[in-house]
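Shared between the two complexes below is subunit A, which has subunit B as its partner in the first and subunit C in the second.
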Partner chain A sequence: MNLKPYIAYARKSFLMRSAYRFDHIMQILSTCLQIFIYWEIYRSLYGSSIEVDGISFGMVTTNFVLSLGFSAGFYVNDFYLPQKIWDGSLVTELLRPISFRGRMLAENIGNGVFSMLFRFLPAFVIGVVLVGICPPESAAALGLFLVSAALGYGVLWTISFAVQMTAFWLVNIWSIVTIKNVCINILSGSMIPIWFMPEWLRNLIDFTPFSSIYFTPVQIYLGQLSGREIAGKCLLQVVWIVCMYGIGSVLWKRGQRKLVIHGG
Partner chain B sequence: MDGLITVEHLHKSYRISKRGKGIPGMLANLVAPKYEKKDAVKDISFQIAEGEMVGFIGPNGAGKSTTIKMLSGILYPDSGQILVDGKVPYRQRKQYVGNIGVVFGQKSQLQWDLPVIDSFELLKAIYRIPDQTYKRNLARFTEMLDMQEFLKQPVRQLSLGQRMRADIVAALLHDPKIVFFDEPTIGVDVVGKETIRTFIRELNAQDQITMLFTTHDMQDIEKTCKRLLIIDQGNKVYDGALSGIREMYGTTRTLDLELQTEVQVAPIPHVTISRPDDSNPRKWQLQFDHHAVSVQELMGFLLATYPVRDLNISEPEIESIIRNIYGGRQSE
Partner chain C sequence: MVQLEYVRKFILKDVNLHIPEGMAVGLIGESGAGKTTLLKLVSGLLVPDAGRVSTMGHDPGHYRKRYGRAFSAYFTGIPLLEPQDTVRSGYEGIASVYQMAPSVFVREYSMLTERLGFGEYQNQPVEALSLGQRARVELGAALLYRPRLLVLDEPTVGLDQEAKQALRDLLKERVEQGMTLLISSHDMNEVSHLCGRIALLHKGNLEFYGDQEQLHWQYHSFHTMQMRILGPLPDLGDIPFQQYQIEGDRLTLVYSSNYITSAEILQQIMGQTSITELVIRKADLGQVILRHSKAFLE
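Here is the complex of A and B:
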């Protein structure tokens, strides 16, 4: 497969993102503000205690800085396909001799690289300076953390990919996307660390892809998992990616037959 | 099967939701949605040979765009066959679309925020256009369409006419064998239209590109196409030479007559006589079917009988013929 067209798409979306600078700066600010607010809340909750349920305040802070930082950097446009179905521009996309799914991913990577460089990094640095974070357990943990974070992005993207495909039938998928995002916010541990959730909920979360997104990399970073556990969790991440992509692809194939473009 | 494009018994329908009025209608729709099946394309067959330029017309909602979208491999037909250049468009989309170009007048294919030239560069990458071909085509088309001045402007700042020209070039950079134009002159001013028509005509003549051309502007057709395909309500109603349509439907001739004095024109068999202008009693209009009445005899008779000052015979405009074809359906 020739990658050139896809690289061109990735490059183009990278360039297009730099067009709106004000919005961009506000996004960084909003992430920093979020980190700061969560930090304040947990600081008062912790009060004078050093540990709660065996989890130190430093670990909680690290969880916030990393997972909120990543959620700013992990770019996903849930309305990429729905928008194109809704305004009919999918027509134009289908006229190109390339895979639309490949293109979707390519544009996302272009946007993602931009977000990691110019949103995650500044927010991360500001977060570290502002509230401080634990150092990684070891150099190996840092490396595995980066691998797992990349896989986490894969899970996040493929969930969105599968959800977007329902737009062929539903056209307006705003509500589904909202539900999905609420699930991610609450169940991924970026809002409330999964450590503090009741046991039954923790067990439930284990059967969903959400904890694979941010929480697995954070756990690896903090050195909470053994070598075997790391392998198992990373494998789980891969399984979720394959599952979600598979579901999305089946829907894509069927959806194309359903496609109706009115007018013009 | 011969012909570069072969379409046989093409059919496509879709569901449209039928909803009652206001809030009761909305509630009823929530509980039991009702749908109505609408045939966008009922049964269309035609063939287009290599290098042909065919005008494809029909009133709004006739199924033109749906047909073009099926020909381009975007939509799946419900039944019927399409074979273009040995390929089935909707099944082999990725391989197929590299050989065709499509211009949708109502939908720009360019990147809204980027300069025109950046969009072209992107297309170069997507279609894997060799450097030489790209440079040659770009130079040639920008020259022909006079685009030098706005190549570096973002698309959103272009006028409609400029955007349309850029869109046309975008569809042609990869040397397509077949090009579908879906209303390429819509909303463009007279001069712009003429530029586009000339360009399309030259391209067809020089490069032997096969073209199918949708429009509502009959001048587009008259100035570019030799063959005409008319569809209405999803069915083909005419397929043949542009000149043939006059023979078939446009046999009415109009004779405008101005006399030197106020004389009453007496009734003539098979000729409808009227006064087009009430304020000028010397003006008369005669309408007749030129198969039923000999033009030569009628003129001879008029000149010999009345003091004629001026006389003019006109054929119907293609536009009014088409209007009659569309209109004829409504009165049925």
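Here is the complex of A and C:
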């Protein structure tokens, strides 16, 4: 497999993003504001308590600095495929001797690397300076956290990939994307830490891919999981990636079939 | 190179067509006759409901990506370049996808910018270009990697006369170098200049497939002869003309070459009188189509 075209697409999307400097500054500012607001809310809720349900204020702060930082850095374009269906350029993609799914991923990686460097890192540094976070449990925890964060991005991208494929039938997927984003915001633990959710909801979330996006890496960073649990959670992340990519691929094949049978 | 056997899809009914390698085929017919459907079938963007399509020896529905550099298609209104890319970076992207060597890319790109005349705006984003400018760069993109089979759907939409001529010359050159061309167009001038064969579609039926001479003979054999008469008016009684007109010393005759040749008419007239000026015109492809469509409507 020749990777050159994919690398070129990743590079191009990285460079394209750098053109919108004002947007990046605003995004960093927005993330910092969110961190500060959440910090104030939880500071008030904690009051003089050191821990709530065994969770310290420092752990909560660490959770939302990392989660919100990642949500700024984990770039996915939910309208990549729908846009190509709308303007007809999907036809061009289908004729090219490269994998369209590979191109989608390459462009997202290019955008993602840019976002991590120029959105996550500045927001993270400002967040750390502004509110402070717990240090990683150990060097190993930091390493595993990075691995799990990469897998978390994989889960987020494959969910978006599967959702985008519904555009073959629905054409306008704005409402589905909104529902998906609401689920991610609430059930991934970035707004409300999963520790504070009722047990029945925590059990329910375990059956969804959302906690694998941000919460699993945060738990590893904070040293909340044993070695065995880390392996289990990372394996679960891989399972979700495979499942969501599998669903997306089936829909992709059926969507293409629909196009060549019914036209588009 | 391309073969369709009893193909049915949407409006197309049992279409049989064989295009040998190196042939330029013009697909003509009224709007909604099934031209774009046929081109999409050849490109593998549609699969037939019945029959078989073979492009470069394969079922294009399954193998379209494997053609790689050998195949290129341009459908009006479907962009080949990303709107936010500059023309140059868009072409570089295509060169990377089709694995063109850098030196080959530079050579082909320079040639296309010069021939199609878009060098002036090569550093502008595609989305900032006018319709005509965009058509030029999109068509150039379809030609960049020198495909063996090129499918063009209404390529002259939005092009000015200069660009049309440049495209025509470029396509003619490529066909002479061995490229197979399948082009649909309402620009009969273009089709008649470029294509060795014509495929005429009418309401999904392939009414005609052959060279232009055959098409004229079959559908519109009428010629127009205009002359200036010096002597007395000739007796036209024995000439099977369709219609005639006399204005002063000018005589115009419309006749079918299926019944009488131009030489026979001239022989009869010059036996009776003298002429000074003579113009003989064959119907152009547009008139053939017009007459063909009228015949079906009647």
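As a convention for this text, the second predicted complex is superposed on the first by the 259 of 264 C-alpha atoms of A that agree within 3 Å, B and C clash if a C-alpha of one lies under 4 Å from a C-alpha of the other, contacts with A are read in each partner's own complex, and residues count from 1 in each chain.
Please note the rule applied: a contact is a pair of C-beta atoms (placed from the backbone, for glycine too) under 8 Å apart; a residue touches a chain by one contact, two chains touch by 3 or more.
It should be emphasised that the depicted structure is a prediction, and the values quoted were computed from it without experimental measurement.
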After the subunit A overlay, clash or fit between subunit B and subunit C? clash
Applying the document's definition of touch, where does A:95 land relative to subunit B and subunit C: first, second, both, or neither? both
Of the partners subunit B and subunit C, which touch A:64 in the superposed model: first, second, both, neither? neither
Once the two complexes are aligned on chain A, which partner has more residues of subunit A within touching range, subunit B or subunit C? B
Considering only touches as defined above, state whether A:16 meets subunit B (first), subunit C (second), both or neither. both
Overlapping contact positions on subunit A, where the subunit C interface meets the subunit B interface: 2, 4-5, 8-9, 12, 16, 88-89, 91-92, 94-98, 259-261, 263
For subunit C, which residues count as touching subunit A in their complex? 10, 37, 40, 43-47, 61, 64-69, 71-73, 75, 77-80, 82-85, 89, 92-93, 96-99
Given the complex, residues on subunit A that touch subunit C span 2, 4-5, 8-9, 12, 16, 87-89, 91-92, 94-98, 259-261, 263
Residue numbers on subunit B that touch subunit A, as the complex places them: 14, 65, 69, 72-76, 93-98, 100, 102, 104, 106-107, 109, 111, 113-114, 118, 121-122, 125-128, 182-183
Along subunit A, where are the residues that touch subunit B in the complex? 2, 4-5, 7-9, 12, 15-16, 19, 88-92, 94-99, 256-257, 259-261, 263-264
